[in-house]
Structure formats: C-alpha cells, structure tokens
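Mind looking over this structure? Questions follow.
Chain lettering (A, B, C and D) follows the sequence in which the chains are written, and residue indices restart at 1 in each chain.
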Amino acid sequence: MAELTYREAVARGIAQEMTRDPDVVFLGEDVAKAGGVFKATVGLLDQFGPVRVRDTPISEQAILGAAMGAAMTGLKPIAEIMFSDFLAVCFDFIANEFPKSRYMSNGQLKCPLVVRTGNGAGSRFGAQHSQSVENWCMMIPGLKVVAPSTPRDVIGLMAAAVRDPDPVIFFEHKSLYPMKGEVPDGEIVDTLGSAKILRPGKDATILALALMVPRALAAAEKLKAEAGIDCEVIDVRSLVPLDTQTILGSLARTHRLFTVEENPRLCGWGAEIVSIVADEAFYDLDGPAVRITTPHIPLPAADTLEDIVLPTVDRIAETVRRSLSS
Amino acid sequence: MLKKQGRPPTAARKPQLNDDIGEELRLRMYGMQVTIRQAEQRAYDLFLQNLVKGTSHLSLGQEAVATGFAAAMRPRDLSFCTYRGHAHTLARGVPVEKVLGELMQRDNGLMRGKGGSMHLTSAEHGVMGSYAIIGAHLPIACGAAWRAQYKGTGDVAVCFFGDGTTNIGAFHEAVNFASVWKLPVVFVCENNLYMEYTPIGDVIPVKHPAADRASAYGLEAIVIDGNDADAVYRAACAAYAKARAGGGPSLVECLTYRHSGHSRADPATYRPKGELEAWLKRDPIKIYRERLLQFGVEQDAIDAVDAEVRRDVDEATEKCKAAGPPPLEILTTDVYADGGWAWRN
Amino acid sequence: MAELTYREAVARGIAQEMTRDPDVVFLGEDVAKAGGVFKATVGLLDQFGPVRVRDTPISEQAILGAAMGAAMTGLKPIAEIMFSDFLAVCFDFIANEFPKSRYMSNGQLKCPLVVRTGNGAGSRFGAQHSQSVENWCMMIPGLKVVAPSTPRDVIGLMAAAVRDPDPVIFFEHKSLYPMKGEVPDGEIVDTLGSAKILRPGKDATILALALMVPRALAAAEKLKAEAGIDCEVIDVRSLVPLDTQTILGSLARTHRLFTVEENPRLCGWGAEIVSIVADEAFYDLDGPAVRITTPHIPLPAADTLEDIVLPTVDRIAETVRRSLSS
Amino acid sequence: MLKKQGRPPTAARKPQLNDDIGEELRLRMYGMQVTIRQAEQRAYDLFLQNLVKGTSHLSLGQEAVATGFAAAMRPRDLSFCTYRGHAHTLARGVPVEKVLGELMQRDNGLMRGKGGSMHLTSAEHGVMGSYAIIGAHLPIACGAAWRAQYKGTGDVAVCFFGDGTTNIGAFHEAVNFASVWKLPVVFVCENNLYMEYTPIGDVIPVKHPAADRASAYGLEAIVIDGNDADAVYRAACAAYAKARAGGGPSLVECLTYRHSGHSRADPATYRPKGELEAWLKRDPIKIYRERLLQFGVEQDAIDAVDAEVRRDVDEATEKCKAAGPPPLEILTTDVYADGGWAWRN
C-alpha cells in the first residue's frame, strides 16, 4: 500500500500496462521528454524509451488518427489530448471514426485504443481550458467513457481501458491531479461499467463523477451531521458502459435521486440517467429527481467566479436538504 | 547513329514487352482496369434500375490509378480509400459480387449492407476501410504505417484521396506527421480536376494541389500521368521501395479525370464543353489496350479478357439480385467488440 | 400562398434575408455555382452575385472561422456545412469559439451568424452522412439551435436566425428537402424559442423535432383512430432557447410525456426535457416519461435496416399505447 | 570612392535618424517594448506573490514583434492574438492596468476577470480577442479580412501565432483560404524555437515552420529578424501595403526567442546550455537601446522613457491591488446578446 497522487497514478497506470504488453504505445504533445504538461507522464520515456513513448507535433487530428490506424492494425495506443477542450479540434475521430469503423465494416475493423485527457475546472484557466466534456463522448454510440475520481481508480480503470477491445475516452480531472490516495501494491485492474457505492445511505441517492465525488461525499457528511439526512453516494465512474443496475438498485432503497454534474446543464449525463429513471423507476421515486449542475454558461476565469460556478459542497447539501423537506 | 539510320522509325519506338513490367503483369493490370470499368458501369446500370441504394461515387476514367498502385503492393500492404473507393477495393482482389452486393445493400455485400458504398472494407484483402469524411483517413493511414514501422514488418500503408482533400486540415497534419516520423505511408492524390462540382483550380492558389504542397513537408514534388497504368505502377514501386527502406512517406499526384459525375446524383453539367471528350481520348483502358496491341499482344487475347470480365460481372450481378436484404438482427451487432451494442447493464 | 418544397424554402428564406440586408453573405462548399449538393441554394448566386454568395475550398474550419471573423466585425454570414456529420471536423468553432467569445470578452465581441447544415437519416448514406447531431450543439452553452419541420418554418426560423444577434445552428433535415407545404406570400419572420402545438390532445404529450414531427402526428392520428387515445403533439422547433413553458403547460393538461428523438439515445434533447420535467413537473406526471429514440448505435446504410432504426409511426404509436395502458 | 576615403569609418556607418522610420516613431517603439517588458516582468513578480491567478504566458524577449507590427497598423486594423497575447494587446495601446487587472482577475481587468490572461480582448483598440486553442484564430482573422474586403474599408487583419501552430490543420485551411480569396490578412509566425517544451525542429521536416510552407499557398517565403523592431516594422509595412492594395495575404516568419518558460509553470529546463545567454545578447530592447544611442539619442532621453514606463506600471499595479474581485452578478451576464444567459423560458 502506498500513498500516491492522482497524477502519479496516471504514470503508474500507463507503466503497468506498457510493462505488461509491448504493443502498448503512447503518444501526445510534450508527453515524452517533458513528462506531460501536467507532469502526469513523468518517467515513462526513461522507462520505455523513445520508440514507445513519443512526442508529436501540435496536430491533434494526426495524434488520434495515428492512434486509430495503429489500433486497427494491432497496437494498443494510448493517446493524450492535453486538455479535453481540444477534443473539439479532433472531434471527427471521436465522433465519426473511432466509434463507427467496427460497425460500418460489419466487425472487420477494430479500434482498441485509449484517449486520455485533462478534463474539468478549478485552475482558473477560463472557458477554453476548463470544460467538462465527458458528455461530448457519452452521446456518441460506439465509444466507452470513464472518469476516475481516485488514484486507485485511475490505475484500475486505465488498465481496464487499455485492455478493452473498444475505443475508450479516459477523462482525468485536472483538479484531482494533486490529490492523494491509498493505492495497493501490485497490479490493479478494474472493470469498465461498474459504479461504486462509496457511502451507503437510505434517504436519497446522490450520483457524482470525478471532482464532484469528493464534494458529494462531503455534502453527504454535512447533511448527516446537520440535518440527519442519510445519503447514499455513488461514484458513477463509467458513463459508457453505464452501471444502471447499481443506480436503479440504490434508488429502489432510497426513492430519491440527485445528480451532481460538473458539466454545463444541457444534455449532461445526469439528464440521461434521470430519463432512464423517469421511465424505468417512476414508481420508485418519492419526489422530483434533481440535477445539480454547473449553470449552462461558458466558464469564467476569475477564481471568485469559478469557485461559485461549479457545484459546491454547500450547494449540493442545500439542494438535497431543501428538496427532501419540501 | 546506327539506331537512327539503321532502323525504321516505328521499330525504333517498338516497345519491349519484357521490360520492368512484363507481359503477365500488364495483362493482369489490363484485366483489373476492365474489371473496375465494367463493375462500375454495371453499378450505374443497376442504379438506373433502382437497385443500387444510397449514393455511389464512380471512378470511371480513373482505373489506372487504382490498378497501378494495387499491382505494385504486396499482399500485406494496406489500402485506405475514400467514398470513391470501389476501384481501390476491387484492385486488391475483392470479388465484384461483394462490392456490388454492398452497393445494392444486400446480405452478400462486403459489410452486409451495414456500411454502404462509401465505406467498402475488406480487411482480408488489406482494404482497411473507405472513409467518407474528407481527410480523415490520412492520419489513420499514418497509424497503420506507424505500426508497420514499430513492428518492422516492411508493410506499406497507401492512402488514396482527391485533389479537393488537400485543402482540409487533416491532410496537412497527416503529411507533416508522416514526414517527421518517417512513416512508411504513401499518399496518393488523384487529381481529377474537380471536387464535387467545383473545379480545384478555383480553390487553390497553386497549380498542383498535392505536388505544390510537397516541399512544405520536406517531400519531393511528384506528378504523374494517372491515366497510364504503367506510369502509375512505376511511381508506386518507387514510393513503396522508399517507404520500405525507411525513407519515409511519399506524396504522389496523379493527373486523371472522372468520366461521370461526382456521385450518382450529378449530371456533371459544370464541365466546359469538350473537356470530357478530350479526356476520353486519354481513357486509361483505351491507352492500355493500344499499348498491349502495340506490344504485340493479340486482339483475341484482349477480347478474351473483356469477355471473361463480363461473365464475372454478369454472374456477380445475378448473385446480388438473388441475395436477400441483410437480416434485421444485424442492426445492433458489432457496435462493440463483444459483438453487441449494450451501453448499459 | 404557394406550395413550396422544404428545399425551395431554404433558398427563399436565405434570399429574403439577403434582400433585406446587404450585410448578409453566404459561403460554403459547392453552394454558389452548383446551388448546393441538396439543391437547396439554387438561384442565390444569380440573384446576389459572386461577392455575396461564395464557393469555398473543402476547409470547414476556414468556413466557420471566416464566418465568425466576419460576424464579429459586422457582417451577418450564413455558412453551410454540407452534412451535419461534418460539424465534427470544425467542432472547435462550434464548441469553443462561437459560443464563448462574447462571454470571455465580457460582452465586447459579438458573433451573429447562422450555420445551416443537412441533418438526419433516411437517404441510405450510412453512418457518416446520416446522423442527427442537434445535441452536439444543444449541449454547448452560448449557442442557439433550431430544427424546422416544415417549409414555412424553414423560412420563418431562417429569418429569425439571421436576425438574431447570437450564433444559431440551423438544422435542415435531409429527408424533408422534397416535402411540400403551404407557405404564405411575403416576408415571414418567426421567433426563436417557441414550440408549436400542432395537434391538441388530452391524454399524453408527444414532443418531436424535424423529421419526427410528421411521424408523431401520424402516430397521434393512429392512436386516436385505433385506441381512442388523444395525444397532444408539439413541434419543439427550437432546442435553444427551449420553450419549456409550452411543454410544461401541455404536461399540466395531459400528465404524460413522450419524446420522439431521431438522435441516438444517450444525452439526447429528450433526456434534457425529461430531466426538467422530472424535477419541475414531478407531481403533474401520472406515469413514466418515455423516450422513443433511435437505438444508441451508429446508423446502418441498408434501406431495410435504416427503415427500422429510426422511430417509426408504428413504434411511436405502440409505445404510447402500451405505456398508457400499463 | 569619396565616401570610403573622405569619411572616418564610424561616420560611414553612422545611421540616419531621419530614415523611413524616424526619431519619433523609434522612440515610441522603444517605449512600447519597454512597456511590454516591464508589464510582463511585473506580471511575473505578481505571480510570485500569488496575485496573478490561473496561467500566464509571457513574451519576454519577443517584444519587438508585437511592437513593430502594431506600430505599422492603422487604428482600425485588427489584431488577433494567442494566449501569449499580453504584448500584442499592450502594443495596440491598451493600458497596463487593464492587462494586469485581467491577469489578477480583478474587476478592473480588460474583461473583468471573465476571460483571464489567455483571452485578452479590447475591441476598442482593435484587439479582437486572444485565442487559446491553437490555430483557431487564423480562420477567424480571415473572416475579419473578408469583411474589410467586402466593405472596401482598407483595413487589415493581423494574426499572431507561434511556430508550433503551423502544424495544426486550421493553419493550413486558413492560409490557403486567405490566399484564394486574396484577403487582406497578415499571418505573423513568431518562431521562438519552441512549442510548449518541445523544440519546433523535432516536429517539422523543414527548417522554417512558416516560410518553408509559404509556397504551398502561393505566397512568398519571408523570414525576418524578429528581435529588431525596425526590421519588423518594415516587414509589417510591406505586408499591410500589399494587403490594402488587394494583393492578398502575407505570411511572415519572425525569428525570436522567449526568455522565460512557456507559461508560469515552466522553468524551461529543456533548453540547451548557453542558448538563452546567446539570445539575451540579442535582446530586442538591448538592440534597440543601442541603436538609439548610436543614432544620437541621448542616454537621458532613454532613461526618461524607462522611468516613465516604470511609473506607469507601478501605478497600474497599485490600482490593480486596490481593485476588488469581479462582482458575482457578472457570472451569468453576456452569454447571449441580450446580456443574459437564459436558454429557456
């Protein structure tokens, strides 16, 4: 057992898989010599050499395209897109190429690759470097989408993603990079598509992802301490595949649903889950399903503004409290 | 001096069948061009009978490019095509039936109708997909070449695209990337003078959409006669040899012309008078047939090839007509590698 | 009053606005000399000349970027992206540039432009030329998003979009181009953000968009005739701004909600609306809110497959009937 | 001959202050370079005091590029910058206070903290935004130039970007587009040898990231000394004149160097030993100060400029420190043109 940062976990997760499988290769901008702009890939070049760990030009389409062509022919590439906002400059690969080639070819082509990318707000970087864009990927049929919230999950889900035979978009949260967590020694391999109940509770189910997970947990403690409300907190972890069973199972016990989403409101993953619940668990619900999201606006840079724009512990707790008491 | 005086002028130009290409390969290349021609003409006929669904983009007139590049490939080399990919797919040896079946969206099609005419794929023949978003497959071909480099296989990735494609961002990123990484990829620009309906000359400030961009990537400017399968074959051999030797990518611009419209919906009325006629005189199949004759191949042998291809295309057509539509169960198969489409439990 | 096709309405809508305002300019691939690949812009070059109606290289990023720079400095550009699937190759402009420049500049910059694009399935074009991607835009804060279902709405909403001071993404449905409808003479100007109740009803509310509108209407007639179920059908028309009032108002009368979405399921506009309803109209609902969508898969090319993949009149009617009777 | 013999060697090289640039403009350009330098050094100090939030990208060492291009502009010409845009923003006359205020994310900032250091915008000064996604602003600048062409205003759009930006698709699309449409846009590549931490030489197969690509767009290859404000100014004048005359775009590569790291987080340890020192000898401000002295400008006059700039920067700093954070109400303003953010009724 060691204490690692989320950032260190990224490098360890990649190293674990590169050690296991010589077909795992890694490319991206400033990822090799510089160890990544978030220093999340430090040491990989030294450990695996310049043939497997490669710096690229600023050419996101070439990066993802090259990953796809390599994946298609037998390698297992991990590609870094530095900030998830930049998925927009290579979105054709995300939306039209990776997820469709297997289907269009009637199963002849494969696309086993991982795109890892720094997602989310909190660094005062402003509207073009702070977005939570997991929904850009969730809405595309054919992709898998994960977003770990702890160092341990970073490693386990990275292993699952690399070993998965389909394209996986792996969202690392920039504000979690410095966060520490206990990580067991030895190989860690998780499974895609499993949510985790982090805190059992009976009064309401709170779903959260990535940076919102610690906030939801803190809000649950606050609700317990201040209002005697006992919330079940679930880390969704994987948007596709989605662990609907764990979510619906929880709801069958608590009868109330809250989602905590960092994304701007419209068409967020919470909307999808709420719509599943509204259809399949309508009679389980004792009250409105409530989404707690970032307002539907571009993100501001200023610290004071950024601090109030994402769902906070207080906003989560207050929303749940008010909703349960109305 | 002796040459000039001693031989009659025709004899001086008398070509040699036993040159670097040779008779057998030439007959194969002739057969392939005729196969592509007849298969595509048949596709057009079937479209007129409302039997080809969706869209389709014919390469009538461009058969020499597909033929020459494919003929120079080794079996493990990989082709990356566009929506205008029937020719390249056939040129790798994919049966006519499979291609027509896909165009007719039948169960016997290459992808059982799931992909359609713009996405012809036959992995077993090295046809690693046809891509319908302009430019996307150039970076993808880089990736396949990267794998070949990484594994030291000696395989080459060959990527076909049009003149209009040279203006999209992915072109630029891919060619630069390939050049910096010295990837064994050959970029083949089929300059047929038009994008959909707009002449390429209207949208570039240079003469050659590909060759005039080559130096930006440290590459040689290569322009070849895309209607002469021999010229294409030789350019292909040179590019592949360079790639296999670790010399990196090539960008080859082939001058050619499509005889029909951009897609089945296009009567191609935007072409200046006489342009088509001029290019028909340079029809690659006509050129090649004349060359074979000139080389001493018998008319009968040539006719036999034509007839055999026709039998093959007729037979394929019948099989396709007899084939049913894809079964509805395949609607949701092969979204993911587990064979299904489950995005939830 | 004249009968026009949806396709002709596009050209008339653009012409109406170009006639009114000399700052309206139009650019795209094959839009001028060729009149567009869908023949939706035939005649505009003749009428307005090559300075205002311009063919471009195959450079979608340049098209949208040029539109943005022109909009920012005073023109009112209409840009065509031929197939909406191609929004992926210029998605940076859609997601990061158009919608954020006003906010980031604290109101100094403006971006009044229209991107019109051919959306939707039905032409047997396969997975890369058939998608319904309105949700790619709906989820981005700062955009406006419309999708007309009739020739009249094409003209009215086009006028509203061109006159709107914000970036509007205008989804034309490819399968509606040949459809005919009555169009009044003279100028037509609609407003963004208003849904239309096309068929009043008391038993359930069905929301639909674009090609799904005629199908929802036909399903409602079928339900009435065959099962005596009286559905209210609403053409959502505008996803942003969203006419929540009309939707919630209808629901307060019918107490049941169905959405008919052409998009693949995950994170569709229907999910967003259902999540609004689940929160704000929970006590109005008498039963599950049900989404009828295209399954979450890439689209097949084959006619037989494509015909069963989109919501059909039968599937809509059957889903509503079964849900109301359970 | 007379020249060579009759004058002492120093006099022979004695530069003329009354050349095409002249004393007044030179003093202005000197002042601007010093303003940029001091404002950015101050930004760095404030960062060390934890008063500059978020990221910031300094142009220390690149001041001559911003200065020369801005000095040659007319007031209505438009600048399009990157995240490394402080210099270009200041060069158009935006007050130091406004820039530092934004870096400090205070209410007195250019955009009241809503945009942050990477998005400096001052429409009234012609600074039409700073863009943080590599390449995006090249097409946008084309659009502004298109409007100028359409309206016949004679205005020029000037777009600044780095060496690394030449490899992204949008660069290619924009330069080609501008060339075909003959747009009055000037693309200025500041080749500072590095992308973030990776040398540009590692990722291009040519020597000059911009100039070696120019011919692909039918443009002249232009490489200038980006550390000499006079050279920059002259290149700018030529490019603007061509643009205003309807001659279309130019692509100008300026050789320069950033003295500090890529962004505030970067200690720039990847630079080979001695590289920084060599470039510090070619510091644009040092070069320009020496030139002014050589031209006969008094040391006192130069010192006075430095001192005045310092006063200005000090005053701006105090104002920023005194300014409050933006009020929370502005969080949701200016999403849409109606001033608000309502996406529903």
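Basically, a residue touches a chain if its C-beta (ideal position, glycine included) is under 8 Å from a C-beta of that chain, and two chains touch if they have at least 3 such contacts.
No experiment lies behind these values; they were computed from the predicted model shown.
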### Query
Which pair wins on C-beta contacts, C-D or A-D?
C-D
### Message
Let me check something: if the centre of a chain is the mean of its CA atoms, which chain is farthest from chain D?
### Response
B
## Note on the structure
Taking each chain's mean CA coordinate, chain C and chain D are separated, in whole Å, by 41
### Computed distance of Cα centres, chain C from chain A, in Å
30
### Query
Once you find the CA centre of chain B and the CA centre of chain D, what distance in Å lies between them?
47
### Query
Measuring from the mean C-alpha position of chain A to the mean C-alpha position of chain D, what distance in angstrom results?
37
### Message
Counting only residues that touch at least two other chains, what does the list for chain D look like?
### Response
112, 114-116, 119, 131, 133, 135-136, 167-170, 173, 176-177, 180, 202-204, 330, 335, 341, 343
### Query
Among the residues of chain C, which ones contact at least 2 other chains?
56-57, 59-61, 85, 88-89, 92, 96, 103-104, 126-128, 141-142, 240, 266, 296-298, 300-301
### Message
Looking at the complex, which residues from chain C come into contact with chain D?
### Response
25, 51, 54, 56-57, 59-75, 77, 92-93, 96-97, 101-110, 112, 141-142, 144, 164-166, 193, 240-245, 276
### Residues of chain D touching chain B in the complex
167-173, 176-177, 179-180, 202-206, 212-213, 215-219
### chain A residues touching chain D - in the complex, by the definition given at the top
29-30, 33-34, 37, 55-61, 85-86, 88-89, 123-129, 266, 295-298, 300-305, 308-309
### Task
Would you tell me which residues of chain B are touching chain C in their complex?
53-55, 105, 112-119, 131-136, 164-165, 167-170, 195-198, 202-204, 265, 270, 325-326, 328, 330-332, 335, 341, 343
### Query
Which of the residues in chain A come into contact with chain C in the complex?
85, 88-89, 91-92, 94-96, 99-100, 103-104, 126-128, 133, 135-136, 138-142, 240, 263-272, 274-275, 277-280, 282, 285, 287-291, 296-298, 300-301
